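So that you can tell them apart, the chains are marked A, B, C and D in the order they are listed, and the count of residues begins at 1 in each.
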Amino acid sequence: MPPQDRYTAKNTFRVRYAETDAMGIVHHASYIVYFEEGRSHYARERGYAYSQIEKDGYFLAVTQVNVRYIKPAHYDREITIATWIEQMQSRGMTFSYEITDTERCDLLVTGQTKHICLDKSSKVTRVPNVWRAWAD
Amino acid sequence: MPPQDRYTAKNTFRVRYAETDAMGIVHHASYIVYFEEGRSHYARERGYAYSQIEKDGYFLAVTQVNVRYIKPAHYDREITIATWIEQMQSRGMTFSYEITDTERCDLLVTGQTKHICLDKSSKVTRVPNVWRAWAD
Amino acid sequence: MPPQDRYTAKNTFRVRYAETDAMGIVHHASYIVYFEEGRSHYARERGYAYSQIEKDGYFLAVTQVNVRYIKPAHYDREITIATWIEQMQSRGMTFSYEITDTERCDLLVTGQTKHICLDKSSKVTRVPNVWRAWAD
Amino acid sequence: MPPQDRYTAKNTFRVRYAETDAMGIVHHASYIVYFEEGRSHYARERGYAYSQIEKDGYFLAVTQVNVRYIKPAHYDREITIATWIEQMQSRGMTFSYEITDTERCDLLVTGQTKHICLDKSSKVTRVPNVWRAWAD
């Protein structure tokens, strides 16, 4: 469950056919892309889109991904992804995710991604203040 | 431009980061997936979701894809895809698509996909009546 | 069939599970990526890898894609992609492709992609001479 | 480093353009597909292709994925993926992976995937003996 003490962004979308595989379910790599969509949505909701972050000269590189698969999702189901910041650090952060079937409320997948902040020359740098404020 | 004399479904979504490539733009194969999303949306709007079509024992196999790339799309841009049936035949159909940047109204990509209707044993079969009515 | 009068590059690889969809076959967008692999292989065989082309300040943007799907491919099958230049023009070129099942020799998919040559500022430019020589 | 005391399969392939993103590097979700390729290759080398496993009525569902990203890979680089079984259990197994740049020997990504064995009715079942022997 998303923690009560911090901002959690939720977005919903339907599973695309191209995201399924020959098992008839969503391919496990597709959820990594859903997590990324969760982060994009989170940043947009907080008022500082990731596309703007890159324009400002920062990149959020992924250093770690952990995923647990609980129940499979199928084509055309609407899913909801809850995204929040698990931990903020001076040069990086950890996002957590929970993906559920919107209508049935089944928990499908949980995960975390760790990131470091890079500048334009790919050097590790401090997380911009506007971002750090997200964790307050 | 979508024709005035027939049903056109429109859906919008934002470009995902995973859909871009090292040129900094949406990879050209991603639009094929957008077209598929357009078809899914069309079928849902017409009241007969493609997931239901498959449950009823039909498949809409792709036999041809044609795409023209006019302007590149970028991460985070909201795009609109207009989808309509170009031609209905007894055992198949042709969908047409127009993808535009929602805010700027730039035309980005146009295309067509041809399909044949298969039954569960992968034999070509007549398009179900509920579908054929879409072209009226 | 690839034409006898010009250079044709062939590369083979196995279908990945992630490239299949819930129909149990290779998703139709995956072939666009196979075509791209065919082009990469063609350029490498001709001695001027596409990665080098980009380092030299050129991009080969895709302006058109046409695909015909004849037979579906399945997970783990080894496929062969034949790639050749259909037409060379001063500022672009057309590649043609034929994808077959390596062992069974079944023709699976054919297609063409049209490209224009861009420089670093995204302006249409003349195809570099080293490339134009490919069509001789 | 892959352990010395057990079978390790290695396969190599080049990074595809479609696998890169707007950062100019391989998108982090692409490595999950590389891991899957590593498993496919491992099973094939051990003489029991995963496609055969599925024909025999078994599925190897993914329950967990953990990835560490050390260095980015770029388009056209040849990479090597080493795959081995970390742990074999009665109803599942854990695979480990190491992805390196073939020429430069740089370690790029490491990871693990956990799996459970399902039968055709999606019930958890014992890993077939032919597979269990892999861990000896």
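Note that a contact is a pair of C-beta atoms (placed from the backbone, for glycine too) under 8 Å apart; a residue touches a chain by one contact, two chains touch by 3 or more.
No experiment lies behind these values; they were computed from the predicted model shown.
*Asks:* Any idea whether B-C or B-D has more C-beta pairs in contact?
*Replies:* B-C
*Asks:* Which of B-C, A-B or A-C has the same interface as A-D, meaning more than half of the contact pairs match by residue number?
*Replies:* Comparing residue numbers across B-C, A-B or A-C, the repeat of A-D turns out to be B-C.
*Asks:* Centre to centre, by mean C-alpha position, how many angstrom separate chain C and chain D?
*Replies:* 27
*Asks:* Need the CA-centroid distance for the pair chain B / chain C, whole Å please.
*Replies:* 24
*Asks:* Quick check: how many Å separate the C-alpha centres of chain B and chain D?
*Replies:* 34
*Asks:* Could you check chain D for residues that touch two or more other chains and list them?
*Replies:* In chain D, 17-18, 22, 29, 32-33, 36, 74-75 touch at least two other chains.
*Asks:* List the residues on chain C that touch chain D in their complex, please.
*Replies:* Residues 13-14, 16-18, 32-33, 36-37, 40, 44, 49-51, 74-76 of chain C touch chain D in their complex.
*Asks:* Looking at the complex, which residues from chain A come into contact with chain C?
*Replies:* Interface residues on chain A, with respect to chain C: 17-18, 20-22, 24-25, 27, 29, 74-75.
*Asks:* For the complex, give me every residue of chain A touching chain D.
*Replies:* Touch list, chain A to chain D: 22-23, 28-30, 32-33, 36, 54, 59, 61-69, 72.
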